[in-house]
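Letters A, B, C, D, E and F mark the chains in the order given here, with residues in each chain numbered from 1 onward.
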Amino acid sequence: MTNVNERSFKPADWGAAYEPGTYGRLPHIQSLDEAEGLDYLIAGVPFDTLTSYRAGTRSGPAAIRAAYGTGSFHVEHDIAVFDDINGADYGDLKVTNGDTPKTFSVITEEVGKILEKGIIPIILGGDHAITYPELKAYKEKFGPVSLIHFDSHTDTWGGAEDRPYPNHGSPFRWAIEDGCIDPKTSIQVGMRGLMGDEHDYDFANEHGFRHILAVDMHHMGIKKTADIMREIVGNRPVMVTFDIDFVDPQFAPGTGTPVPGGFTSFETLELIRLALTGLDIKGFDLVEVAPNYDPSEITQLLASRIIHEFIALIACKKAGITEYAYRGKE
Amino acid sequence: MTNVNERSFKPADWGAAYEPGTYGRLPHIQSLDEAEGLDYLIAGVPFDTLTSYRAGTRSGPAAIRAAYGTGSFHVEHDIAVFDDINGADYGDLKVTNGDTPKTFSVITEEVGKILEKGIIPIILGGDHAITYPELKAYKEKFGPVSLIHFDSHTDTWGGAEDRPYPNHGSPFRWAIEDGCIDPKTSIQVGMRGLMGDEHDYDFANEHGFRHILAVDMHHMGIKKTADIMREIVGNRPVMVTFDIDFVDPQFAPGTGTPVPGGFTSFETLELIRLALTGLDIKGFDLVEVAPNYDPSEITQLLASRIIHEFIALIACKKAGITEYAYRGKE
Amino acid sequence: MTNVNERSFKPADWGAAYEPGTYGRLPHIQSLDEAEGLDYLIAGVPFDTLTSYRAGTRSGPAAIRAAYGTGSFHVEHDIAVFDDINGADYGDLKVTNGDTPKTFSVITEEVGKILEKGIIPIILGGDHAITYPELKAYKEKFGPVSLIHFDSHTDTWGGAEDRPYPNHGSPFRWAIEDGCIDPKTSIQVGMRGLMGDEHDYDFANEHGFRHILAVDMHHMGIKKTADIMREIVGNRPVMVTFDIDFVDPQFAPGTGTPVPGGFTSFETLELIRLALTGLDIKGFDLVEVAPNYDPSEITQLLASRIIHEFIALIACKKAGITEYAYRGKE
Amino acid sequence: MTNVNERSFKPADWGAAYEPGTYGRLPHIQSLDEAEGLDYLIAGVPFDTLTSYRAGTRSGPAAIRAAYGTGSFHVEHDIAVFDDINGADYGDLKVTNGDTPKTFSVITEEVGKILEKGIIPIILGGDHAITYPELKAYKEKFGPVSLIHFDSHTDTWGGAEDRPYPNHGSPFRWAIEDGCIDPKTSIQVGMRGLMGDEHDYDFANEHGFRHILAVDMHHMGIKKTADIMREIVGNRPVMVTFDIDFVDPQFAPGTGTPVPGGFTSFETLELIRLALTGLDIKGFDLVEVAPNYDPSEITQLLASRIIHEFIALIACKKAGITEYAYRGKE
Amino acid sequence: MTNVNERSFKPADWGAAYEPGTYGRLPHIQSLDEAEGLDYLIAGVPFDTLTSYRAGTRSGPAAIRAAYGTGSFHVEHDIAVFDDINGADYGDLKVTNGDTPKTFSVITEEVGKILEKGIIPIILGGDHAITYPELKAYKEKFGPVSLIHFDSHTDTWGGAEDRPYPNHGSPFRWAIEDGCIDPKTSIQVGMRGLMGDEHDYDFANEHGFRHILAVDMHHMGIKKTADIMREIVGNRPVMVTFDIDFVDPQFAPGTGTPVPGGFTSFETLELIRLALTGLDIKGFDLVEVAPNYDPSEITQLLASRIIHEFIALIACKKAGITEYAYRGKE
Amino acid sequence: MTNVNERSFKPADWGAAYEPGTYGRLPHIQSLDEAEGLDYLIAGVPFDTLTSYRAGTRSGPAAIRAAYGTGSFHVEHDIAVFDDINGADYGDLKVTNGDTPKTFSVITEEVGKILEKGIIPIILGGDHAITYPELKAYKEKFGPVSLIHFDSHTDTWGGAEDRPYPNHGSPFRWAIEDGCIDPKTSIQVGMRGLMGDEHDYDFANEHGFRHILAVDMHHMGIKKTADIMREIVGNRPVMVTFDIDFVDPQFAPGTGTPVPGGFTSFETLELIRLALTGLDIKGFDLVEVAPNYDPSEITQLLASRIIHEFIALIACKKAGITEYAYRGKE
């Protein structure tokens, strides 16, 4: 069993022995036994079987890991991110594309073990269906959690009831029905575009699951948006799920179902800081990065940076920071 | 002769027999005889002979049709778009690249027939020169129309007077001279960048053709911009022409003559809703999509969405909605 | 019910009304009722759920249809391909990515109906797993058929026995076990690269399923290779399945599991002509085109041409041509 | 007037002042007055108005110039290419895309002036239609020339008789009818793929214009092919036109109408050396490079190398070399 | 020696003889002797030896020159840019990638000669390390200059003290230590992202070198940002250095070390106009354009436009304009 | 110290815990202490400072590792590659782009340590200059080795004598002068294209360093070529260096200085097997893979396969196989 005192669980120095293929050059662990005492753990889920439109998010985890951009000091939070927290990269979970039941079992089991050790999982998708088996593990550990969901879609579609699992458009309908999330203290933000049906929001509305439309966030601004999100969630245990298509397609073209009318990289990063700092977050995922549609590699660059914001939130929490020092006007 | 009651002129269900290669999976019609009673008709004009810089807009219609993004319910307008209107895809008009006179005749004739049936044409270009033969058909039917023109260029350049047709930089000079449009009730918006000549706006100014520079739209905002546009056009018959380079190159790299300093996808979509809802629009085109310069396919995605906004405007008009329910501040 | 005498089932003239999004500008049919009397029928199967490596073959059918390259006269066969045969494009079958059992049922059922009408199906994949439900339809109609299989992989891997269907690496193991194909009169050609296991060929060998390695085909040449293939198959009913990765990755980069050491486009086209002309072919498929890995669009170009070769074989057969007039040396 | 003794008309040394944007870093001349005494002159014709399929060859000349690959010593010919010949880059001719009559006049006039000075023009296209106005200049100077034509298409299609100029599929029909070329001492090589019509070769056959099909060249080899070509042309004045789609699409994806079944780069370069060394070549062009379909930039790399082979032929001719020292077997 | 009265030092007309490969079709000069009397001179420095992350800025100068977008009339400044100023393109300096000392000497020497003639150099990079040898030439001529530095990084990192030159992350540390710039009247703007170390700003702070973080510029707006910049610099001699990664990666993906959270093209262009108009600018550079990461070519398009803004500033200065006529609100 | 008996030094099973970012999913070692008893060791050298033309080979090692294509059974050699040999991936050496002396020291030292342990290094480049410091380590251990060099260039250029190290065009000139290689028992194969100078081969010829031109290899075939190579090298200790531009640019577009007229993937793989099986090879490198010029990812795919051929050679050697069982004709 690894002792965090005996091994460095920080990003490798640029000049040090290179840890190939891990997020942010973090150390790679092959077994959860090595994870004892860590604050967070990165794991990839290269599974895209349940994608409805463009394929390729199975290549997301590797792309996010390869992107440029680590560094230890976070200017906006004014904190040295890695000084007081430890983390590692667990590699990819053993998914089998095409075999959903088997893959979902692996996800629930592995995420469950990570949570059991008191470690915050940061999962790199994969398509959004994977959040459903993740949430089953959260329920096991915490009971129904509050969900904070960044996306351009509601992902509460119906229509797959004849199958034993959701597709990437319905994980949250299934999660609500299974009692994995508490809809009344959960919130979705960024919804826009054309709905399949007039009644797309009916399911969410019936269950008291709030959402903020993109058009409203554009008009009221990120500060007001963040305030609403924090008020709904309060100090409950939270799972954060981030679909990269929350961002505008022009800032994240490498995704399966892009929707125009989204947000810039600055709005996104600043909203994460404003809305999430100090919350009791039990875990994160970031899904739907499909690098084969982005030869400029900017989608994975932004995704990598969002993961870094997640890690910074963990560092802030540990440092007792409860709120982001916002420099903008009210 | 097709009766709209006997055939569905709605987008195909995802699970239904697939209509390959039409816009939004609409039914394909091969003859205008099948169009009787329709509200709108999509047609492609894959012609780019008159492009001055990067070639390739001939591939625009196919790319726009292939883009992701249909859906029946429009969140911002709060309307089920396809419930009360009918439309189809007419395929591409029989253009001949390299043979301008022949192609222009086809365009004028076909658009004329569509207008004659009381159907709203939505033309997918192709370079911007095609709007000139379109406007000849509008004149035939309605007399001089009011033009609403989204673009980064004025497209009123001189210099091709020795040829019997304009190039893609001068269709509106020709259209004014031919009396196709009424300049005093027409307006251009989005102009920016470097003009070929100090006197680029002289022609427009002499004819009372108003424009709003991009720099001014950036500073006064979309609401004020939309108000000016609506005031000028009033309740006259309108033709709407949208050059994709109105949008910033970063939001629409797949175009021939991109100009930095443009607008985001949200600003663009919201301006369309604010400025055009309730107007007496007789037809639309969307031009200058050159997909070979956009491997991420975001240009055609946005173009496809803009077409959807046009269809939503038709649905709003039929539903008696005269103004967009703007959620922003004045 | 359509009568082939009343409608043209030929590729549209370039100058005629455009049939958007069909293979070779063939007429599109929405129901098999319209197919009565046709010689062949194109159908897409945009399904890639069972891919093991790079995703994206769901975009194959649309890409192949969009590729350049029809024409009525076939120089090498010296035949006017479309003069005496009729065909159409049936669009895409109603597959559901992520739902294999449902999709496989649709494939078997639809291909079965096509075969029932005496029409030769030409299926555009999709990943190679789809050939298994196709073969179930062939068995229903013809009993065990002879298979001619172009590929760089054997696709007879084991290891998915705990699931009710194969993945894209094992359709032919399943097809043999189900009695869909007669292994002793079937043949695979083009195998190369690194096998997962020393015993990769054991299953095939045990069942008498012959293969020609790429290295042997390189050394003995296409004439000798074709002779062996024809001898094994004889005059039995044949199903032809073509995995685009038979060709070298440099000639077909747009595929999921490319393997270096393959064949040129000329070798491929000439082998098809030499090996297949005059055989009693009941149907074809062409699979594993993943266009998102090929920005130059040459993979779909070659795939489109191979489909044309298949159609030419149908024309030759109908014209009573039993052998390709080979111009090379023995 | 420039004296070749006063200025260096060789490629710039890598370490010398950089001549931006010229072929092979040759000196740039702005007026033909500076060309006095040169052996050859490069000029671009960025015109693609008459393209039938994919657009973009207007970007060909700049792409070819930007490609890597100069050097003074030619290994296969064993000659220091630039030691005894002088050349320059004339920039691009003043073409106007969309205005064919004006552009064709410019081409005929400028090429005529170059020929008049006894200089060998090497034209970088552009689409293949430009060869027609070039040939008009050759006729003026030399009477009907012999044509050596590398291509996958015959480019003798009919069907544009209602226009005062050919499109890119018919320049040689027009050139024969206008008496620009002597068909009986001319030859085409590389034809393949699907013809529009059974009678595609009728026009050529009627006029005694020989062709070698790709399939025949594949089977008889480059030596035999070259021998036939040399025999037909003899010691007559020759114009060489090279359509990059002669090469296989996989070796030259960046072109408008690619056809599978072509040749490798080695076969192409070796055929040029074998067939053309020592002939009385009055000028060259290389057309149909469309770089926007080739992100790997290999098409322009090969095109640049072919131009270098042309220059080497000029050097060989001046050095009195009449035949290529072929190292292969007969 | 060239007399500016005898030759046109303006961008070539589109219809005139083409000057291949120069910025904005300006005349090309091969020697500084031809530069006498010019107002500005463009020169490329295709050197990327000191890049830390993605390579390829050596291809920046050629890409910027090839981008679309010249024109003589500047709408926002309301000035005919080229009417009263003269300029040329000097081609690329003779750099040797891999040989830093030699290359730095060439840069210092050549920039020195340009400054000596009273001409404003506009250097196209190359990586940011090249600004250090440029600044050595400025110091020689003007003593320590004021620096205006647009970037997402501070480029004042330590850690290369064991080498005789900085890398692309430290030119300004070296420039301050060498007395090339006066830190107290200099300013950096746009810094963001993750710093290598908590003390990244220590060096700058110790020397009184001010910076404006991106987050602060986002919140206070461009007008306020520009005011601060102008106040610090005052009427001192200024060198302007622009790293294209100041802009958001989505607006400039073609760069080596992109950082999310940056600015739009409009914000960037408007800030340049607001902050720099009327200042006593002695020279400019624009660095870090790596076109191989941007197949859409929008990075070089924006870079080309920024160069044009620099030229417009020179024209404004000569015309006695001291301030930008800002149309926005305070 | 790791004992090879206690840990598996084989490629991970697909279903096993994933080893991210190593070649062929081999285990990653962080220190050479863990390498005790291994047969081979992979290491990356992401250094491209000395590249003359297109940049980007620093991204080569990561790209090669990410490519598809492991498998345990080698069909052509008829051997289970990993059964009797052990290997690992050492990650990347600590190079510093821009600092050649420091990087070269690291390379010589690390390769020296690997050789000292009796392990065969397989180095992934990087540009070709890195072979020089590698060879210094070989000389230390073995004295002058025999070199087998696959390339399109000789890499024996002169002209960098004023620097303390070669660039990527001259490593073998330096290696010969330093006595690292024994030129008389060494051989180069694949040379073609345009030489900088008539005397490019002089240096090699003077030192008795043999080469086989590409044109000769094309005409005599791979069997004869391999025979010559084996005869020259005999049973001496050999270092094998493979520049990916040996292959034709169309098979490996992702490289810095591609040269048309090269070889196919089959010719390349078969030549490696024929020429190298059974030789006393002390180490390998594969250099000049620049993935940013190959969006189809076929260059790294082929490179990955070549590395696998190298590993198969090690397995053959250990199994006592002295010659490749060639199936072709003499």
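Basically, a residue touches a chain if its C-beta (ideal position, glycine included) is under 8 Å from a C-beta of that chain, and two chains touch if they have at least 3 such contacts.
If you're wondering where the values come from, they're calculated on a predicted model, not measured in any experiment.
Novice: Kindly list the shared contact partners of chain C and chain E, in label order.
Specialist: A, B, D, F
Novice: Looking at chain C with chain D, do both copies bring the same residues to the contact (over half shared) or different ones?
Specialist: Different, since most residue numbers here occur in only one copy.
Novice: Between B-C and B-E, flag the pair that has more C-beta pairs in contact.
Specialist: When B-E is set beside B-C, the one with more contacts is B-E.
Novice: Hey, how far is the Cα centre of chain E from the one of chain F, in Å?
Specialist: Result: the chain centres lie 41 Å from each other.
Novice: Whole-Å distance, chain B centre to chain F centre, using C-alpha means?
Specialist: 56
Novice: Got the chain A residues that touch at least 2 other chains?
Specialist: Within chain A, residues 54, 250, 264, 293, 295-296 contact more than one other chain.
Novice: Using the touch rule from the top of the page, what pairs of chains touch, sorted by label?
Specialist: Pairs flagged as touching, ordered by label: A-B, A-C, A-E, A-F, B-C, B-D, B-E, C-D, C-F, D-E, D-F, E-F.
Novice: Over in the complex, which chain C residues touch chain D? Could you list them?
Specialist: 68-76, 80-81, 250-251, 264-266, 269-270, 295-298, 301-302, 305, 308, 327-329
Novice: For chain F, which residues count as touching chain A in their complex?
Specialist: Residues 15-22, 28, 30-31, 44, 62, 65-66, 89, 91-92, 94, 295.
Novice: Any idea which chain B residues touch chain E in the complex?
Specialist: 53-54, 191-198, 200, 213-216, 218-219, 248-250, 253-254, 257-262, 264, 293-296
Novice: For chain D, which residues are in contact with chain B within the complex?
Specialist: These residues of chain D touch chain B: 48-52, 54-59, 97-100, 163, 167, 292-293, 295.
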